[in-house]
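Handing you a structure now.
Which chain is which? They are A, B and C, in the order written, and residues in each are numbered from 1.
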Amino acid sequence: MTQTTHQPDAAEVSAALFAEVQHFYGRHMRAMDEGRVADWTGDFLPDAVFVTNARPQPQRGRAEIARNAAAAARRLRKDGVVRRHCVTTLEVRREAESTLVARTYALITRTVVGGRPELEYVCTCEDVFVRRAGRWFIRHRRVLRDDLPGD
Amino acid sequence: MTQTTHQPDAAEVSAALFAEVQHFYGRHMRAMDEGRVADWTGDFLPDAVFVTNARPQPQRGRAEIARNAAAAARRLRKDGVVRRHCVTTLEVRREAESTLVARTYALITRTVVGGRPELEYVCTCEDVFVRRAGRWFIRHRRVLRDDLPGD
Amino acid sequence: MTQTTHQPDAAEVSAALFAEVQHFYGRHMRAMDEGRVADWTGDFLPDAVFVTNARPQPQRGRAEIARNAAAAARRLRKDGVVRRHCVTTLEVRREAESTLVARTYALITRTVVGGRPELEYVCTCEDVFVRRAGRWFIRHRRVLRDDLPGD
């Protein structure tokens, strides 16, 4: 758990930027949940790194991230599972002119037709964004499931 | 499930518009959850259509939507159920100068006094908004519960 | 339950202000969830009042609010519980030039390592904010758990 003192810095992150990051997540998470893996993967830089306490090793590069995402999407489809990444409680910090750190909570639900929806995982997500060609890309993602030992 | 490729189009939806749509949902869903049916229904155009996989037929027109909403509100009150529509993960697309498509996830909770809260439904909502007299109205709503067969 | 008619008033709350309040909650709730009690408490005015249907008496003043928050944080740490306040469905109303009323839903999750996440509480939160020294502070907070008798 982060114990560092955090100073409010809303002034550094404009309303327009905050909304832009929110909108990013709206598109990004929906792409994954609808199985549009290429759309989802396109939000990462080619050399992005994705670490999570649900995997023993970091995923390095867009190609590896895409392979794992495609495999996960196939499993869900095969099992008839609809998964949703419900993103809330955004906090954005500007690290430099073209770098952001965005932190969100994700409530991940799991539903099968005819069943009751379940709250499968609660995760925190910390993304480092960089700006390239007029839009934001994920350079580094860290996802921690609350039910697994931390980093 | 939508399989079409989706291009980022944040440029078409300003931060101000994105926040306005978010705020719309904050008011709109709270009105329903607090049983203020007229407030909630007033957000639909008089000839709005509301389709959902939880009903065999579309609801056509504000009057029919209002009748069904009032009946649902009475049932919840009678059963002592508090229902919340927790809206997350907004994505907004501009279709034309005065038309928007907004997509959200709704986590619908169900609580009775003395009981544990339950995640009753997970839904996706797709609203087509049109602008009239300086504000947005819902012209078409499509709600899909993840636990029911799709459209 | 509020039964008063509510008129849309988006015009009074700019997109910038709406995003600022959202960002406030992103920082504020994360501070509490990460056990940074001083950061969290610093968002209240020194003479803030915090009422909730989970306590028989209002908490009066930042010092009392801080003591209770610190005690809660210790209990969670001791029990190995990670709690998240997932904030959704914001509505903001301007009461005066320097006063806001913000209403949110909070989905409060509870997870222990090795266990399944639980939806512990569903709450509504109504905060009265005042502006001091260029930022917003909570002057009055009212939190109602849906599973407890109301106010």
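Note that a residue touches a chain if its C-beta (ideal position, glycine included) is under 8 Å from a C-beta of that chain, and two chains touch if they have at least 3 such contacts.
Everything numeric in this text was worked out from a predicted model, so none of it was measured.
Chains compared, chain B against chain C: the Cα-based superposition rotates one onto the other by 120 degrees, nearest 5.
Counting the residue numbers that touch the partner chain, chain A and chain B have less than half of them in common.
The distance from the centre of chain A to the centre of chain B, each centre being the mean of the chain's C-alpha atoms, comes to 24 Å. Shared interface positions of chain A, i.e. residues touching 2 or more other chains, are given as 14-16, 18-19, 22, 86, 88, 107, 119.
Within the complex, the chain B residues that touch chain C are 14-20, 22-27, 29-31, 34-36, 38-39, 82, 84-88, 107, 109, 111-119, 135.
The residues of chain B lying in touch with chain A in their complex are 1-3, 5-6, 8, 10, 13-16, 18-19, 22, 86, 88-92, 103, 105, 107, 119-122, 124, 146-149.
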